[in-house]
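What follows is a single structure, written as structure tokens, with notes after it.
Labels run A, B, C, D, E and F following the written order; every chain starts at residue 1.
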Amino acid sequence: MVGSAASRFQRPFVASASRLTDNPPTSVSGPSTRRRRGRLALAVLSVAAVSALWASPAAAQSDLPDGVASSVILDNLWVFIAGVLVFFMQAGFALVEAGLTRAKNVANIMMKNLMDMSAGVLAFALFGFGIAFTGGEQLGGWFGWGGFFMSGFDDAIPAEGGLSTATTFFFQAAFAATAATIVSGAMAERTKFKSYFVYSFVITALIYPIVLRWTWGGGWLAQLDTPFSDFAGSTIVHATGGWAAMMGALILGPRIGKYADDGTPRAIPGHSIPFVVLGAMILFIGWFGFNPGSELAADEFVMQIAVRTLLAGCAGAVVAMLAVWLLDGKPDVSMAANGLLAGLVAITAPVGAVTSPVSILIGMVAGVLVVFSVRFFDRLRIDDPVGAISVHGVCGTWGTLSIGLFARFDDAFLGREKAGLFYGGGFSQMSTQLTMVIVHFIFVVVTSGILFMAIKNTIGLRVTREEEVAGLDTEEHGSPGYGPDLVPATAGI
Amino acid sequence: MVGSAASRFQRPFVASASRLTDNPPTSVSGPSTRRRRGRLALAVLSVAAVSALWASPAAAQSDLPDGVASSVILDNLWVFIAGVLVFFMQAGFALVEAGLTRAKNVANIMMKNLMDMSAGVLAFALFGFGIAFTGGEQLGGWFGWGGFFMSGFDDAIPAEGGLSTATTFFFQAAFAATAATIVSGAMAERTKFKSYFVYSFVITALIYPIVLRWTWGGGWLAQLDTPFSDFAGSTIVHATGGWAAMMGALILGPRIGKYADDGTPRAIPGHSIPFVVLGAMILFIGWFGFNPGSELAADEFVMQIAVRTLLAGCAGAVVAMLAVWLLDGKPDVSMAANGLLAGLVAITAPVGAVTSPVSILIGMVAGVLVVFSVRFFDRLRIDDPVGAISVHGVCGTWGTLSIGLFARFDDAFLGREKAGLFYGGGFSQMSTQLTMVIVHFIFVVVTSGILFMAIKNTIGLRVTREEEVAGLDTEEHGSPGYGPDLVPATAGI
Amino acid sequence: MVGSAASRFQRPFVASASRLTDNPPTSVSGPSTRRRRGRLALAVLSVAAVSALWASPAAAQSDLPDGVASSVILDNLWVFIAGVLVFFMQAGFALVEAGLTRAKNVANIMMKNLMDMSAGVLAFALFGFGIAFTGGEQLGGWFGWGGFFMSGFDDAIPAEGGLSTATTFFFQAAFAATAATIVSGAMAERTKFKSYFVYSFVITALIYPIVLRWTWGGGWLAQLDTPFSDFAGSTIVHATGGWAAMMGALILGPRIGKYADDGTPRAIPGHSIPFVVLGAMILFIGWFGFNPGSELAADEFVMQIAVRTLLAGCAGAVVAMLAVWLLDGKPDVSMAANGLLAGLVAITAPVGAVTSPVSILIGMVAGVLVVFSVRFFDRLRIDDPVGAISVHGVCGTWGTLSIGLFARFDDAFLGREKAGLFYGGGFSQMSTQLTMVIVHFIFVVVTSGILFMAIKNTIGLRVTREEEVAGLDTEEHGSPGYGPDLVPATAGI
Amino acid sequence: MKLVTAIIKPHRLTEVKDALVELGVNAMTVTEVKGFGRQGGHTETYRGAEYRIDFVPKIRIDIVAGEEMVDLIVNAVQQGAQTGVIGDGKVWVTPVDSMVRIRTGDSGVDAV
Amino acid sequence: MKLVTAIIKPHRLTEVKDALVELGVNAMTVTEVKGFGRQGGHTETYRGAEYRIDFVPKIRIDIVAGEEMVDLIVNAVQQGAQTGVIGDGKVWVTPVDSMVRIRTGDSGVDAV
Amino acid sequence: MKLVTAIIKPHRLTEVKDALVELGVNAMTVTEVKGFGRQGGHTETYRGAEYRIDFVPKIRIDIVAGEEMVDLIVNAVQQGAQTGVIGDGKVWVTPVDSMVRIRTGDSGVDAV
């Protein structure tokens, strides 16, 4: 039952039709009727039409009429380019994580990022994509089944336009890799490589795709009366990574030496701040694929989304820096970088729905949040060397909820203008957002908790004390991350 | 009076009209009548028409007719993507500057680059953009007033096509961040972080926007009989940064140990040449957004501009390398990287007006210039650790003047073919270019000089001797840029 | 005789015509009749039409009719953006090579990468491009002569669409720089900079362009009855670099200390695994320009090609990691990075012709191949510090041959569906592929062998023993790659 | 006066330092060194080729102290550094003729 | 013969070297070390958590010289290294039995 | 007991180590140091400005050994380290009062 899936990348039949006939939309009277070309207005989706579409691959493979080709191609091309930018974020994550940990584990953390991307993409291609999008709906929209093993990847663009399966997979695979990679930072410097390999496969093949199904896959959360909105994945992508990271760090326990016997947190300085800032800048660049690409079409909203993304990220960086400056007397560089990312994560959900000035506000709040959250988890003795839980979990949640407060425009998920509390939209959107946030939190905490416990009790999750002291690079991978000519002696005094 | 601004990103009404009716331009007889779709032919700008456009936001928000949508969207999308490439240059600047300074200041320099981007974007959004583009013309085109606080950022693409405010802001914000970041290199290793924060805000909010207004903002320099041409900002962006950097370095004084008591320059080697070259390569990549994106439209000139940019940069690198080889007996790597950037800076102004072979020539001259200029400022005891004054100030000026010599095509600023001296264009263009270069130099030197002196006499510009010796990372930011496991002991012998 | 060249970037007249009239292709019955808009179907090329096109620059400079402009511009813009991604690969190569060699040579290897890009682009602009594409066909398609010195670079897009000369040059120059840069890795840590400069010029100006001519330049291999297929250059680009690298490493001899007196290989660990992985990730990103851009048009195949590229690269990384794990007991990080590149190199030729699942298979085989090949060449005492011969030579060859086995679709070179052995296509394609691989191997080995021997016997290829021990950074470039504050003492114990 | 030189495992430095401070010794100089000894090195594999690391990281501590302190210091070092696993290191004592505090010019035991 | 060992602040190395060269001492061996002493370390904050740096960077200089030079050397070092601020370091002198120049095999004072 | 200290060129370390091992000396401590001496430094050019590197990289080897071994060790070091080119380094010998093996508490020659 591939065809019955109401998934994110399928264009509603009516909208397509209107565009193909080259008629301008009939009633255009301001932002409230913005027609989003790419994003699915799930409420009006004609399931039958979509079924038909998926059921006739032959038709789908016919060439597009040349008259429309250019705009359809542009949609696909843009989403693909955006996907490339999102894949580039892998390098950003790798650098941020490497920079915030110690030199003796640098090859290990780079390897983990390389592998959760490589293995994650394969896992998503073989299983996750079907569960999330192409498989038939199961349990009333809780997950999909079918469409496994790259079915449809070599198909053409659907006859009535929209994204090809290849385009959608490419973009979604980049997102899936992101979700998995977030976890590696929080669990850095003490996790067995083998175990990391296993759980990043499971997260990408199963846990994340199920969350996807609920929402962008047209599942139960998208079918509510007041549908859930998370434009580019503050919760769907980032908080999935963030909460899984929290469970991982919790079950794994802190690094040796991170807490004094009385529980006082001790600093374990990262080995390369330039890597951290370079990584954050690469992530910043990647976000211009992440958010604007999530429009899933080349239209004018792309640029507005980019501007809001830009403003929120910059506000997060500045405010986090100022907050640390006030708290500790000096502006910590790595926290400023975390602030940039916090602002970006927060704006990811509301980016289609809020105004530019509100974007700055959302980024500012995220900048404060991340600073206090990092301290909070540190006091809780959940040892997260890179701040992944705070950046992705906490700020992702903040961003998702901010829609309930500030939604001004229709981002094609909301289905209405002024859904936010402060724009007179009442509490209905806020309560949907809250529902999502809570259900999602429980789901991720439980499933990832089970996963990590299962690994812990089978192949083991943590390296031995000796391996941790000596460093994972030599112990797990056979040679140090930096040659003896760069780092003459080891462990700093 | 928002509407009366004759700004760079507003499409002349006539051109738009012709395109909307899908008629090919009536007289096409070679490159001399090249119609530039995006770039403003300021001389023919119908101010009234533009006013009308800006005065009716409601109309502007209507959807575009589908027939033209694709090309208008493509214009916006391309300029946005180009803007992303330009933002990526921030990472390049950060790496070049970090690599050419010492390990004890590496976190500080990365932080500065992060912050002049973050704070700079906010400053430009809140104030600079209005002064440069959207504010009403003041003092006969010397600056703008109004359009502050992100007005228009959530508007749609204008009904008759062109770039949306969001697109323009995004692209211009990336440029503004570039102008500010240039300064940080020349003032590296000795400037108070707080003071840096203040002046980079002022430069982005005020000084750079005024320069913008004169030129791309349609101000007085654009209204001359022979209008000034600076296609992508050799002077407007780079020399603004370069001359401000010069004033900063001058007022700040040289680093401790940079000059012997008798004034002989001493080398203070940068700590990471791989960072320098990686940074230069990232800048090189970013330049393919910087120059081709400045076409402000997706048209065939984009690719020609890219090729000229490529050729000039490569010529600059090769020639600078050869020049150093001849002078010092060995090809210095960091000067070759500077040469690449010098060629790129130089071609930034003339890129729309000159032929490909001439681009190589312009790059070659820049490659020689940068080598001698770095020595020259070093002998003057203006301590510029990264060569920012030479690369951006000197080569930016050379590039701007080269138009007066070599302009062959109409780059939509010039308004005519063969404006260059060597193509029989006479001295008129050269004298306009010279005027600009001189007025701009005076303006930037005076305003940035006042700014730096004001900071010096209030909060102070320079760290203490002890802080400078110990390094800014621990003193200003509380922890070293490299962990003790990477850099076991400090200050090299 | 510029016009008589049947080159890769010229659109067949017939195809263009059909698109200009906006008629859908007449017979569309599945993938077998896929019309590739950009890629040249060489067999049907009307040489006369193309001649006419090239002979009338005036016509070519007229503006495009607005109705088609958008899609033609999009073609050009996309190929240009893809070219930018390919140029970004230079940074990836530089980092991989720097990371896998020692700190004392880091500035040298970065410089080499900077220079083979800079000098290479100029060499290709001045000579190579003419030999490959625009020059008149010589010796029955073995090389071209004419079209030197940037002729046509400032021309407009041809009236009937397709890529402008500027676009084509930009994209091809990026490829040319890639071919040259591959060599630097295998010859790292012991080659004279001057000699490197000379041979990378010759490779880019002469050897690589001749290979180009045979194939994408429409030369003899493209004119066979069963034409050769190498979509994006597994052989044309990568194996050219790989086999030249092999000759270089062979003629140069191994690094001091690489082999014990009894010939046992000794490890000389690279100095920075984070650079290696970052570089590999940048290369991965660049490949989404390399392969999808080689479609030479913005069409739906772009995205399919991207997906296959993605899958093969990821499969290569995972399988290489597993293979090393099995062989040596621990998953070596640098070999996993090599595996990623191996998969990407292998899929480069067949990417237009094979299905997605087959892409994974091709990547998997490459992942195994690269692991054994690195050992094999090491045992042969051909000292290749970065694995360039294995990644680019061996896996490039595997990818090229895989077309003979697995070709399912027509990639516009093949001219037919199901050309692969396993799809019932018989041996004809396989034998063409084999012919190419063998002829190419002989050609590159002989010409690069002559080149290296000529250099060895004139200016010398290798630095002195003292220089090699002291490191090329100080000896060849006058100052170390890392400052004394980062690397306090030298040569590791 | 004597100079006590100790070669210890890097991760025991804090323990040794604490033991010395407890003893009232609150000055020492520490150097990152590499040791060759019974502990041996280890063989690693890099890209399929094996290589030996003969020298393992150690920390060297130098303390100049009055004669009467020497045995106590040697004991404290041993206490802090001992793990019982091969490679724990050595302590040796050499004679010192004189010592001066640069800041004040104090010499002899006052300078310690 | 004696071995003079000095622990100094890193940024005084050039001054000390110049003072020694002036004295006619033109050979020495220098090591980057970390010192623990009266100067104390400092507390830094990283991501909201405090940490102490107990060991501060110092430079160790070793000079083997004839007995008659010792006092001059100690003086020169003190002159070059003194800043008057806590942490200036120490100089101590130990006996040397013999010394050989590897290149020539010269021994004794000739080897210095 | 004696402490033999050698300053050698870095690239001779393997040869010296091998010579010592052959002699039966299988423990030593190695430090990366910088030397100043007759060899002089070198002048480099960086971005058009010259700068001198006065200190060149050297390796310091410390070996504590019984008196009877000293001459053999000095010889072995010299053999392994000698290149005949200026800068080959020095070997000097200083007296050691006592030595303890941390792991076992063995002292004296047993500890070597």
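As a convention for this text, a residue touches a chain if its C-beta (ideal position, glycine included) is under 8 Å from a C-beta of that chain, and two chains touch if they have at least 3 such contacts.
Since this is a predicted model, take the numbers as computed values, not measurements.
Common neighbours of subunit A and subunit F under the contact rule above are B, C, D, E.
Of the pairs listed in A-E, A-D or B-E, the one whose interface repeats that of C-D, with over half of its contact pairs matching by residue number, is A-E.
Averaging C-alpha coordinates per chain places the centre of subunit B 55 Å away from that of subunit F.
If you average the CA atoms of subunit A and of subunit C, the two centres end up 33 Å from each other. Along subunit A, residues 70, 74, 81, 267, 269, 328-330, 332, 478-479, 482, 484, 488-491, 493 each make contact with two or more other chains.
Across the assembly, subunit E contributes residues 30-34, 44-46, 55, 94-95 that each touch 2 or more other chains. By the contact rule set out at the top, the touching chain pairs are A-B, A-C, A-D, A-E, B-C, B-E, B-F, C-D, C-F, D-E, D-F, E-F. For subunit F in complex with subunit D, the residues that touch the partner chain are 1, 3, 17, 26-31, 64, 94-103, 105, 111. Those residues of subunit B that touch subunit A in the complex are listed here as 58, 61-67, 69-70, 73-74, 76-77, 80-81, 83-84, 87-88, 90-91, 94-95, 98, 106-108, 110-111, 113-115, 117-119, 121-122, 125, 149-150, 153-154, 156-157, 164, 166-167, 169-170, 173, 193, 275, 473, 476-486, 488. Interface of subunit B with subunit C (complex): residues 19, 22-25, 28, 30-31, 35, 70-71, 74, 78, 81, 85, 102-104, 267, 269-274, 276-278, 280-282, 284-285, 288, 292, 298-300, 302-304, 306-307, 310-311, 313-315, 317-318, 321, 328-333, 336-337, 340, 355-357, 360, 409, 482, 487-493.
Residues 469, 474, 478-479, 488-491, 493 of subunit B are the ones touching subunit E in the complex. Taken together, the subunit E residues at the contact with subunit B in this complex read 10-11, 13, 30, 32-34, 42, 44-46, 57, 59.
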